[in-house]
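The following pair of complexes shares a single chain, chain A, combined with chain B in the former and chain C in the latter.
Right after this comes the complex of A and B.
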C-alpha cells in the first residue's frame, strides 16, 4: 500500500455549500416542516388598534370551543424580553397597553387552524384608545403621550459625539455643503416566514424549541426569562433556516409565545406566521431622516463632517440604541476623517419595532455621505475616484473614535472598479439618459463586544473524534443560508489537510453544541472560524503525538499529510484511521475545543457614551460602480451593470464570497429602487410580496465581482467580513449614476418612478 | 398566505354543465386559473360555498379562425395567447398584453377569461381578513367607508387586467354563456364604471370566448404598462394603441386604458386625429387627451399623479412607434 499522500487544501478554493444537497432536493426540514404529528396549531390575536390601554380581554368563550387546548394572554407572562439587557421593554403578549397595530394580545393552541381561528375570533378585546404617532416628528412633539414611562419624550436613545475640531474643519474647507436625505423603512423579506415548533415535556418540566432564528442562544436566554424556567430545562434546536438578514437576530415574540402556549397546552405547538405576520413582526431597517454637512478642500480631502439623524424605531427598543450608535460611529473607519459631530435620535412610535437589518446602522448614513461627497466632487470638478483616494486610511491605525484597523484593501478596490467599469473613458460620455456612478462602503467583522456580555469567549468549537475515524464539528453558529457551516468545515479540513467530506458538522443544538452568540454582525467567519482553526490545531497536536508514540518518533518529526501521518525519515507512516486508533487508545473518544476572543484594542473607545458600538477586529471594504439607464417616459431606472470589488481579507470560499457580495449589492438595489413599507394609520399596508416590491430577476443586473485580499493579520487565514460590506455602497452609487444620466440627484429612497418623475419634471438639486 | 377555508369543488365537463351548476348554487363562483380568485379566497375576501372549476372544459381552450378574425376560448392560458403566431401577427397588442401579465408561472395558469373578469384592486381591499377588520372594512366589501375617498360613496378600486385594453382597441366582442343561453356583446359593455360592481355579467353568466373581428386583423397595435418591477406587478397604468394610417394621415386611432379607474375603456375623441398626420404636436395632444381621461386614485402605493402622467406618456410613445413603423 502506497501511503504517500499530500494534504488536501480547501481554503481559497470555490466549494459548494455543505448543506446544499438537502436544500436543492427539498430534504431540508424547516421549522414548518419538522415532523410532529401531535403538534397543535398556534394562532395569535393581534391588536387592531395602534395605541390603547387594554381594559378587558375575555377569553372565556374561546376556551369553551371544542378542540381548543390552551388560550394565553399577557396575564400568563409578566417578564419582558429584548436583545439588550438595558432595553427590554416588550412582553411576548401585550400587558396593560398595546403600542402598535398587530401586536400580539392573545394566543390559542387548538387541534387545527380553523378551530384556532374560531377561538381567536371569540376573544373579546376592550380598550381605551390613546393618541398614536406614526412619524418620529409626531412622537417627539410637545405633549405627546409617552409610549413607555421610562422613555421621556419618546426618545429611545439620544446619541451624540463631537471629535476633532469640527468648526475649524468647516472653516478650513474650500466648499461646505449641507443636504437632507430621507430613507424609507424597509423589511428583510427573507424566503421563510417565521415559524417555530415548541414541545413541552410535562412529566419532566422540560421544553424543546425549534425556532426560525439566527440566534438560538439569545432565544434560549429569553425563553428562560419569559417561561421563568431554568436554562438547563430548555433545549433549543435550530432547524434549517430560510434566510434572516437581521430580522431574526433577537428572540421574536412568536418564538416565546409558542413556548408559552406549548407549556399551557402540555404538549407540542407549532406557529407558522403568515407573510403578513412576518412583516408585522418586522425588525427591519428604520425610516431615517438625515441632515449631513461635509467640508471639502480643493485637493479632495475631507475637513469635517456633521451628521444629524432621526430614526423612527417603532414601538419597542429592540436593537434601537445600537442602530442609532452605528449610524454615527461608522461614519468613521472608511476614510481618514478626524473631525465629526454626530447627533442621532432613536424615536419610539406606534409602528412595528425595527431591528438589525443587513448593514446594520450603516446603510442610510452611507447613502447620505457618499451621495453628498459625490455631488460636492462634481461641483468642484473633481473626479469621484480621486476624491476617495485623497482620503485613504493607512493600516494599521486607529480611527479618531478608536476603531482598530489592521487591513485596508480599499485602494485596490478603487483601482479595479475604475478600470473594469471603464470609468475614465466612459464617465459622463454615455449619452442621454445613461449614466455611471460609484461609491464606497465598509462593515465590521463581528462586534467586538457582544450585546450580552458574559465574559465567556466569543466563540467555542468542539471537534469530536471517535472509533469510526469520523470527525464531528460541533458549533452553536447558526447556518441560516449564508454558508457558515461550509466555512467552518473548510477551516478544520484545511488545518488537518483532510478532504472536507471527512468532516460532519452539527450546528446549533443546545444539548449537543457549544454555545455561540449566533449569526449577526458578520461575526461567524471571523470569530467562529478562528475558534475552528484553534480546535483543529489542537486536534492535530493530539493526533501527531499519538502518531509519534506509535511510530516511535518525536512529535516534531511527525509530518501530517492529511490522510497519512509519518515521521520525516520514514516512507510508510500511519493512515489517519490508524492514528485515530492510537489516539483513542489512551483516552477513549476524543473531544478537543477551540476558543476565540477579541483583543481589548478592538473594543472601541470611551470617548463618548456608546463608543464601543463599532468596535471590531476588522473591517471589510468595498467599492462599486453602477451603470444605469433611465426611461424618460416612465422615469424607470434600469440597472445595466454593476462592478463591485470587496476586500474580505482572504476569500476562504470564493464562490460563497461572490454570492454574498452579489446578494449584498442586490439587497441594496432593492432598497434603492423599490422597497418600502407603507402604513395606513399604523396598519402595514404593504405587508405582502406584491405591494412590498422586492426586485425580481428581471431587475437583476449582471454583477461583476472582484475579490480583494488584504490578508487581515487576525482573521482566520486572513479573512474578514464578506456578507454585508458591499450593500450600502450600492445606494449612493445608484444616485450618482442617476445624476450622471439625467442631471438630477435623488436624495430620497427608494427611487421609485413616481419620485423620480417628480424630480425630473419639477427639477431637483443638480449633480 | 392564510389557510384555505372549506368549499365544494366541482369540475364540469361542458359549459352547459358549468352554467347549470352555477344556477343551482347562488354561493358558487367560477374558477379558472385561480391566480386572482384563490388569493382572495385565502384572504377571506371571497367565501364561496362552491368553486366551479372550468379547467376541464375543452371548448374554452380553443383558438379558432373566425370569419377572418379569431375566436379565443376564455380558458386559453395567457402563455398560449402570448405565443400564438396569428395573434402576434394580426392583433399584436393582445399578444403583448398577455405577455405583460404578472410573471411566467402565473401565465401558465392564468386565463384570458380570468384576466377579463379580474376583480378590481385597491390597497384597502386586497388585504387579509384581520387587516380589513382592523380598518373597519371598506365600501367595496363589508364596510361603509371608501378609504381612498372617505367623503364619497363611489368605489375607486382599479381594474387591473392587461388584456382588456388591447382587446378594446381591436374591437373585440365577448361571448357570454348563462342560464338564458348565449349572447354576444361588445367588450366595452362587459364593464361598469363602478369598482364595487365592475362586471355587467348576469347571475350565473360566464365569459366563454372573445371574438376578434377580421376587419381589424393586421392593424398595427401595441401595448405597454407602467409598473415598478418588470415582472409580477399589476399595471399602475396600461395603454393599448391601434393605429391605421392611410396616405400619411391617420385613418383610425384607438387608445385603450387600464388600471386608471374601475374599468378599462377606450379613450374618447380620438376621431379628431383622423386624416391628419400624427406629428409631434398631434402626439402631444394625444398625450394630454389620455391624461385628462385617466383618473386613477390612490389605490396603490404609487402616486396617482404619476399614473396619470405615465398613461399619457405610454400612449404617446406607442402611437409614435406605430406611426414611425407605418409605411
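Right after this comes the complex of A and C.
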C-alpha cells in the first residue's frame, strides 16, 4: 500500500466557525436555554433610589408566600467582589447603603416567575436618602458626600504622568491648539441579556454555575469569595455566549446572586435578566470629558501632547483605574511622540458601574486626538495622511511610555486607505453636504500583565489523544462569538498538518479544561493561540517518536504528512491512526500541553505609577476613511461607505478578521451617531433597544476591509489582534468627514441631529 | 385562565393547555422546549424571537400563543433538510452571517419569510425586510451576503 498524503493547511484560509452549525440551526444553548424543569426562577429586588442608607429590609412577608423557596439579602453575603484585587468594593446584594438606582437589594427563588415577583413586591425596603451625584462634577464638588469612605472626594483614581519636555515641545511647535471633547456614556448591548443557571448539590456541598460570561475563571474566583466556598467545590461551565464586548469580563452581580440563591434554595436556580436589567448591570464605556492640547510643526511632526480626562465611573470601582490609565497610556502609543503629559480622574457617581467596553479606555481619547490633529492639519493646509506619515514609529522600538513595538503596519494601512477611498482626487471635491474623512487607531493584543498575578503562565492548552484517534483540544478560553475556538483549532490543525475536522474543541468547563484568563483585551488569538501551537508541537514530537520507533527509524528522519507519517527513505508510512496506536502503547491516553507567557520587555514601563497598563506583546494598527452625506435641513448624517485597513499581523482566518473589523467599525459608528444612555434622577431612561439607538441594517453602510499582514515576530504564525483596533478610528474619521461635508466639526458624541444642528447654527468650532 | 391551543408547529399538529396570557415565545421555549427562538429584549425591540406564522415573520414576543389557534408556526428548528443545513443556514454559516449567534435564529427566520415572498431580493429588499432584527456583532454586511448567497443557491 502506497499512501500518498500531504499536510493540510488551514492557517491563512477563510474558515467558517467550528461552532457555526449549532448557531444557525438553533441547537446552540445559551445560558437561558439550559434550565431543567426543576430549576427555580430567581428574581431581584432593585433599589428605587440612587443613594441611601438602608434602614430596614423586611422579607418576612415574602418568605411566607407559598412557592417561595429562598429569599436572600445583603445579610447573606458579607464578601465584596470586583475585577481588581485592590479595588473590590461591591457586594452582590447591597449592605448598609445603596449607591445607584437599580442596585440589587434582595433576591427570591420561587417555583415560577409570578410567585417570585409577588415575593419581590412583598419585601419592604426602608431607607434614609442621601444626596446623589449624576455627574462627575457634582460628585467632585466640595462637601459632596463620599460614596465610599476609602475614596476621598469621590476620586476612584487620579492618574498622572509626564514624559519628555512637554513645555519645550509646545514652544517648538508652529501651531498649538487646545479643544474640549465630550463623549456620552454607552453600553455594550450584546444580543443576549445576562443569564445564569446555578445548581447547588447539597449532598456534596458543591455548585455548578453556567453564566453568560467572557471569563469563567473570574466568575469562579468571585464565586469562591462570595460563597466562602473552596474553589475545588465549584464548577463553572460556559454555555454559548451571545456576545459581550467587555461587559462580561467581570463577574457580574447576577452570577453571584444566582449562586447564593441556589445554595439557599438547595437546588437549581435560573436568573434571566431583562434587557432593562442588563442595561442597569451596565459595565459600559464611561461618559468622558477630555481637554486635549497638541503642538504641531509645519512639517507635520507632533512636538508635544497634553491630555486631561475625567470619566464618570459609576458607583463602584470595577475596572475604573485600568480604564483611566489606558485612556492615557494608549493615547501616546500610536505615533512617535516624545513629550507627553496626562492627567486623568476616575470619579465615583450614583450611576451604574462602568466597565471594560471594546477598545477599553482608548476610544474616547482617540476620538479627541485624531479629531484635533485633523483640525490642526486642515488649519495648516496639511494633508491628513501626510501628517500621520510624519509621525510614524519604526519597529522594533519602544514608545516614549515604554510599550514594546515589534511590528507596525500602519504605513501600509494608510497607503491602502488613501488609494481605495480615492482620497487624493475626491477629498474636498464631493460637492455640497458630502465629505470624506480619515483617522487611525490601534489596540493591544492582550494585556501583558494579568489582573490576577499568580505566577502561572498566561495560557495553557491541553490536547488529548485517545484510542479512537480523535484529538480533543481543551481550553479555558471563552468562545463568545469572536471565533476563538475556530482559530485555536486552526493552530493545532496547522502544526499537525491535519484537516480541522479531525479536531474537537471543548472550551471552558473548569472540570475539564485548563484555566484560562479569558476573553478580554484581545488576548486569545495571541496568547492562547501560541499555547495551542506549543501543545500541537509537543504532540507532533510524541507522534513522530512513536512513528520512528514503529518504523525503526530515527525521529529526525520521520516526516509528518498529516494523515501519514513516514521515514524519509521509505515509500510506505504509517497512517495517523496507526501512529496513535503506537504512541498510546504502554503510556495509554495521551495528554500534552502547551503554555504561553509574555516576556518582561512587554510589561510596560516603570516611569510612572500604573505604567504597566498598556503593556502588550503586540499592537494592531488600523486606518480608515469614511464618506458621509449630511442632510442640511435635518442635520442627519448618513454614512455612505467605509474603507478600513487593519494590520492584524498574519490573518489566521481572513473571514473572521473581516467580520471582526466590520463589527468594530460598525460599533464605532453606533457610538458616533446615535448611542447614549440617559438617566433621570438616576433612573435609566434609555434601558431598552428603542430609546438606546443601536444602528439597524437600514443605516449600516458597506465597509470594505483590507487586511495588512505585518507579521509579528512573537505572534502565533505572526498574528496580532483583530477584534478591537479599528473601532476607535471610526469616530474621529466621521468627525473629519462631517467637517469636510458641512464645514463644522463635531466635538461631542454622539453626533445626533440635534447636536449637529446646534453646531451648524453656531457655525462650528475648531474646524 | 387556560385554554387548549391546537396548532401546527414545525409541521406537526399538537395541542397544549396554555394560559391565555402566554406569549408565543414562552410557549415555544417552555412548553414546546424549542429554545432556538431567543429572547433578546423586553418586547418588540430586537427581533431575536422572529418566527413564521402562516409563513409570515412575526415577533413571537408580541404574539399571544392563543392567537396561533389553528395556524402554522415555524421556528428555526424546522429549517434543516434531512439533517443538513438549509440554504439560508449554510449561507449564514459559510459567509459568517453569525458570530455570537444569538440574533441568528430570528435573522434567519426573517430572511426565510423574505425569500418565500421575494425569491430574488435586492440589497434594499433585504434591508427593508430585516430592519427590525438587531445584530450587534457583524455590522450586517455579512448577513446581507448570507441572504444573497442563499437566494442564489435556491434560484431555479
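General observations
As a convention for this text, the second predicted complex is superposed on the first by the 763 of 767 C-alpha atoms of A that agree within 3 Å, B and C clash if a C-alpha of one lies under 4 Å from a C-alpha of the other, contacts with A are read in each partner's own complex, and residues count from 1 in each chain.
The rule we apply is simple: contacts are C-beta pairs under 8 Å (C-beta built on N, C-alpha and C of every residue); 3 or more make two chains touch, one makes a residue touch a chain.
Here the structure is a predicted model, which means the values were calculated and not measured.
In the overlay built on the shared chain, the residue A:242 is in contact with chain C alone; chain B does not reach it. With both structures placed on the common chain, the touch criterion links A:192 to chain C but leaves chain B unconnected.
Of the two partner chains placed by superposition, A:552 touches none, neither chain B nor chain C. In the superposed pair of complexes, A:425 makes contact with neither chain B nor chain C. Using the contact criterion defined above for the overlaid structures, shared-chain residue A:203 touches neither chain B nor chain C, since it reaches no partner. Touch criterion not met for A:142: it reaches neither chain B nor chain C.
In the superposed model, A:150 lies in contact with neither chain B nor chain C. Touched residues of chain A, counted separately for chain B and chain C, are more numerous for C. Of the two partner chains, neither chain B nor chain C is touched by A:571.
Of the two partner chains, chain B and chain C are each touched by A:690. In the superposition on chain A, the residues of chain A contacted by chain B and by chain C overlap at 274-276, 690, 696-698.
For chain A in complex with chain C, the residues that touch the partner chain are 16-17, 19-30, 32-33, 188-193, 240-243, 245, 272, 274-276, 480-483, 655-656, 658-659, 662-663, 665-667, 669, 688-690, 694, 696-698, 700, 702-703. For chain C in complex with chain A, the residues that touch the partner chain are 29, 34-42, 45-46, 48, 75-77, 79-80, 85, 89-90, 92-94, 96, 98-105, 108, 126-128, 130-144. Listed in rising order, the residues of chain A touching chain B in the complex are 46, 48-49, 101, 113-114, 117, 274-276, 633-636, 673-674, 676, 678, 680-681, 683, 685-687, 690-691, 693, 695-699, 752-754, 757-758, 761.
Within the complex formed with chain A, the residues of chain B that make contact are 1-3, 5-6, 103, 123-124, 126-128, 130-131, 133-135, 147, 226, 228-234, 236, 300-303, 305-306, 309-310, 313-314, 316-317.
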